[in-house]
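Two complexes, one shared chain (chain A), two partners (chain B, chain C).
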Partner chain A sequence: MSARMLPPEHDPITPATPVAVTIIVDGTPVSGVAGQSVAGVLLAAGRLAWRTTAAGRRPRGVFCGIGVCFDCLVTVNGVRDVRACQRTAHDGDAVGFQDEELPEIGA
Partner chain B sequence: MHSDAIVIGAGAVGAACARALAGAGLTVTVLDAAGAAAGTSGQGEGNLLVSDKLPGPELSLAQHSLTLWDGLQAELDAELPAALPPVEYERKGGLVVATTEAGAQPLLDFAAQQRAAGIDARAVGIAAALELEPDVNPAITAAVHYPEDAQVQPVIATEALLASARARGARVVLGARVTGALRAASDHAGRTGRLTGVRTTRGDFSADNVIVAAGPWSGDVAAALGASLPVRPRRGVVLVTTRMPHRIFHKVYDADYVGAVESDAAALQTSSVIESTAGGTVLVGSSRQQRGFDAALDLAAVREIAAKATRVFPFLAEAAVMRVYGGFRPFMPDHLPVIGPDACITGLWHATGHEGAGIGLALGTAELLRDLITGATPVLDPVPFSPSRATLEAAA
Partner chain C sequence: MTHVAIAGAGPAGLAAANAALRAGAEVTLLDSANGLGGQYWRHLPPSRPAAHEALLHHGWGDFTALSRAVTSHPRAAVVTSAQLWAVEPCSTADRGPSDHAPTLQYAVGDADGNERQMRSLSPDALVLATGAHDLTLPFPGWDLPGVFTGGAAQALAKAERVAVGERVVVAGAGPFLLPVAAALTATGARVLGVFEASRAGALARGWAGGTASVAAMPYKLGELAGYAGGQLRHRIPYRIGTGVIAAHGTERVEAVTVAALDADWAPIPGTERTIACDAVAVSHGFTPRLELAVAAGAELADSGPLSRFVRVDLDQRTSVPSVYAAGEVTGIGGADAALREGALAGWIAGGGDPGDRRAASARRQIARYRGFARALEAAHGIRPGWTAWLRPETTVCRCEETSYGRLCGTLDATGARSLRALKLTTRAGLGPCQGRICGRTVEAIAAARIGPALDGAVPDRRPIAAPIRFAELARLPRPDSPDSPAHADHPDSPDRPEERHEP
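What follows is the complex of A and B.
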């Protein structure tokens, strides 16, 4: 996964003519290419982080990019805990962020 | 270099023993085949429980250990640099619930026995249980609140105990696996000479006292030193969910957990132990299974743990499991740790066999062992924990 959009004519895989998909990110349409993951669309649109850590409120987005680290979680069409790097983007998908208040155990 | 004492094992129990012995003025060397908290101590939940124990010597050791844990952070703060993180000790409290009609009365009877032994075990009604845990299944049939149940972050706690031992002069040698014994010559009657040290993959180490605190590997270490100790590994697995808003406030157990702790069965057993972490994940345990040191992922155990957890917290059916981890607990055939001198070999001591309770029992174990080695009068009666006890001879 690349953090920028690669022009199809520069792609050594020589893909077929790209088909656009549009997902709705926090209410705003964001366009990508059919076959991209939700994380791929977000990264290509210039977004590197979409949640924060519990303790230090540090920014997090894609870390491993292969479904292991669970750093890139988003909601898709109302379902939480979806790994953005593993979910293929489909036209009209409503992607939201789940950066809710986390526990203060012992408080 | 010669030491007064060698501690084999840099887990919570070994680290606590090293710290206690160094505190009594002994020169101490800690040896570990891998690293600090690399075994059982880093593969559990850091539970310090009284709720799962019947009145008896183990409960007395747990109660005494808890009072020591209460004071530990202040002691560490005085000894160690401020940069070290706190051990995250917290008396969070436990809530044990019965999920079947048949399970209700045994849970309440169990709590009554514990109250007689001085445990704060409060039988609460269903409505009160729902106030403590609003998302618990309202179909539960009984509930007991244990305000004394506590937790620590076991890896930080182990590292902090080791750092404290070092500050008191102890030496820590990691990556040194014990391969054999150093022995004094046999006496005229042909009796084996006392233990004078250990051979390891990183050379020989001599000492007046050698303490085996190697958790589930203690049986192998004891065998390498010519002793027999019936410690066996028992596998336990824990599920970790993704982070979520805080909906679980205590350690919450299904009452059948106590039965699994006390059981001898080798086959897979599971019972619910559920709690939130500071990071927002939920830890869902637990399983017990004797399968040697086989660490392969057991999907049957994962399925059963997940299914049972939804019986206690129905909302967990929607939760995503992010990871599964497991570890080996040092199982004893009579469910008591061994703390004291070896039955046969002079100079050899044991501090092991705590099953899933070693973090909680570590501080009391260390104090008891220190008093036995230095000849001080122990606070607790050491006889029930003796490696020479009859219930172990029968199992050997």
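What follows is the complex of A and C.
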């Protein structure tokens, strides 16, 4: 039970034939459709959460979906703090998950 | 020739661009998304057009007509993937006459990338059509994965054909819940119920009180009736006076508690029931995106944290010369109001005749839609009892994970009626979203507990309107160099973008 993409052949709006893109998520290839956001590819692949918060060590994924809440931050090709819901997935993008854990300071 | 820049390419921005072009102006239309239409007309990307996109939208014909007229116009430059990050009010010392619009700083390229092209623009007039995002009130468990805003559920459904879950609960307040449920259903999800917080009394008072204005808008009623018919056809339960007051699960949402709410939206004990689900879409209203307007120095029409918009006159002028505002930033009135406001703002900003017949007609229609907006607020506006569903450990600021208990404890201990002090003490609003999600909620909680803030601060003040990387800032021209932003690209510099986009 999770998010999923409506199969185009069952879609009443009849989208054009999808072109596949593959992104590399934590080293593993994940397939999506050209034009999708990184968040859309992750959700359709069955991932609901990918960030871990600093203070509470809690899982987070998409919340607002329109670039406002910054919950869905990922690294893309080594660059941190990219909003997965705003970033279009390009073939070969390397997506990594940010762990916000703060280092222990002192003894 | 007058050069009009427009921030936002949703209904208001597109209508403004079209009207400014009709008035004879040169137009630059900027949007942070990679397509036109805003949140209202979110759709599959141009690389994957749908044969029957109109099935997912109201007014799709308006969108295609407007976007075609604007993108094909020789005096229009349309720049998508353009993140506006600063609005710098015109300095009379630098620029001469002070009725010049502010200078805009924006970055063009992949969202949040580090190789975006840094550009600036100094137009003669600016139309702010930045829209709004969901206002989702906190509740226990709202930070679990699988809890989404209504806007997220809708955006993923419309722009990606991804349903956020298979068994989805939709909750909150306002007519927007219906298109959210419709979009989910049209994307293959089963909507288990739509739970509207407002009770019959408020709905009747709001909508009946506004009868004159609402009845004047058959299209608007038709749109709502269409959704209601859709709900019935799909046998989706629609419950009023009911809210989701908690989400449950460990690593993700597995169930929600819904309860009957009293007239003030406080849960009524003993009415709770649990619904198993794999996703929840919750929206209690909208927050206008005000940071650019605040940065431009525009006065706000301020009726408290949950009702604060850009103040405009009858021609959509803000208090700042040559700066106009249209759409949800001036009040939550829906896309039809936004289209009229945008058309009027663009026409006047572009130098059109204020006495024009169509301008007069737009003013009359806008006045009627203001009535619709008031009815909407009376019927569905957030009531103060919602804090009764919070628990001390409930997260209020999602970024910094500040709890309701910590906020209340700090307010009680300090009595500080300063939002800035509260933010610095509790960290609520200091995280990556910069208070976009919690700002108004924190303000409402503080106002209810110890009184309205006295420091005059609004959470919408964000001089850097969007995150920008140091590497990108370092690439900005030096202020005193010949190609500095203050001198760049007005009106005919080579930096003028020439992109053309769909359809």
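Criterion: the second predicted complex is superposed on the first by the 99 of 107 C-alpha atoms of A that agree within 3 Å, B and C clash if a C-alpha of one lies under 4 Å from a C-alpha of the other, contacts with A are read in each partner's own complex, and residues count from 1 in each chain.
Just so we're on the same page, a contact is a pair of C-beta atoms (placed from the backbone, for glycine too) under 8 Å apart; a residue touches a chain by one contact, two chains touch by 3 or more.
Owing to the predicted nature of the structure, the values given are computational and were not obtained by experimental measurement.
Asker: On the A-aligned overlay, A:70 touches which partner chain: chain B = first, chain C = second, or both, or neither?
Answerer: both
Asker: Should A:11 be classified as contacting the first partner (chain B), the second (chain C), both, or neither?
Answerer: Only chain C; A:11 stays clear of chain B.
Asker: Specify the partner with more touching residues on chain A, choosing between chain B and chain C.
Answerer: Result: the larger residue contact count on chain A belongs to C.
Asker: Which partner does A:33 reach: the first (chain B), the second (chain C), both, or neither?
Answerer: So A:33 only meets chain C here.
Asker: Where does A:87 make contact in the superposed view: on chain B (first), on chain C (second), on both, or on neither?
Answerer: In the superposed model, A:87 contacts chain C only, not chain B.
Asker: Based on the A-chain superposition described above, do chain B and chain C contact any of the same residues on chain A, and if so which?
Answerer: In chain A, residues 54-55, 70, 73, 81 are touched by chain B and also by chain C.
Asker: Which chain A residues qualify as touching chain C in the complex?
Answerer: Of all residues in chain A, those touching chain C are 1-6, 8, 10-16, 18-19, 33-37, 39-40, 43-44, 48-49, 53-56, 58-71, 73, 76, 79, 81-83, 85-88, 90.
Asker: Along chain A, where are the residues that touch chain B in the complex?
Answerer: So the residues of chain A in touch with chain B come to 54-55, 70, 73, 80-81, 100-106.
Asker: So in the complex, which bits of chain B are touching chain A?
Answerer: Those residues of chain B that touch chain A are 90, 92, 242-246, 249, 276-280, 319-320, 322.
Asker: Sort out for me which residues of chain C touch chain A in the complex.
Answerer: Those in contact with chain A are residues 32-34, 39, 44-53, 55-56, 110-114, 133-134, 143, 145-149, 151-156, 159-167, 186-188, 251-252, 278-279, 395, 398-401, 431-433, 436-437, 467.
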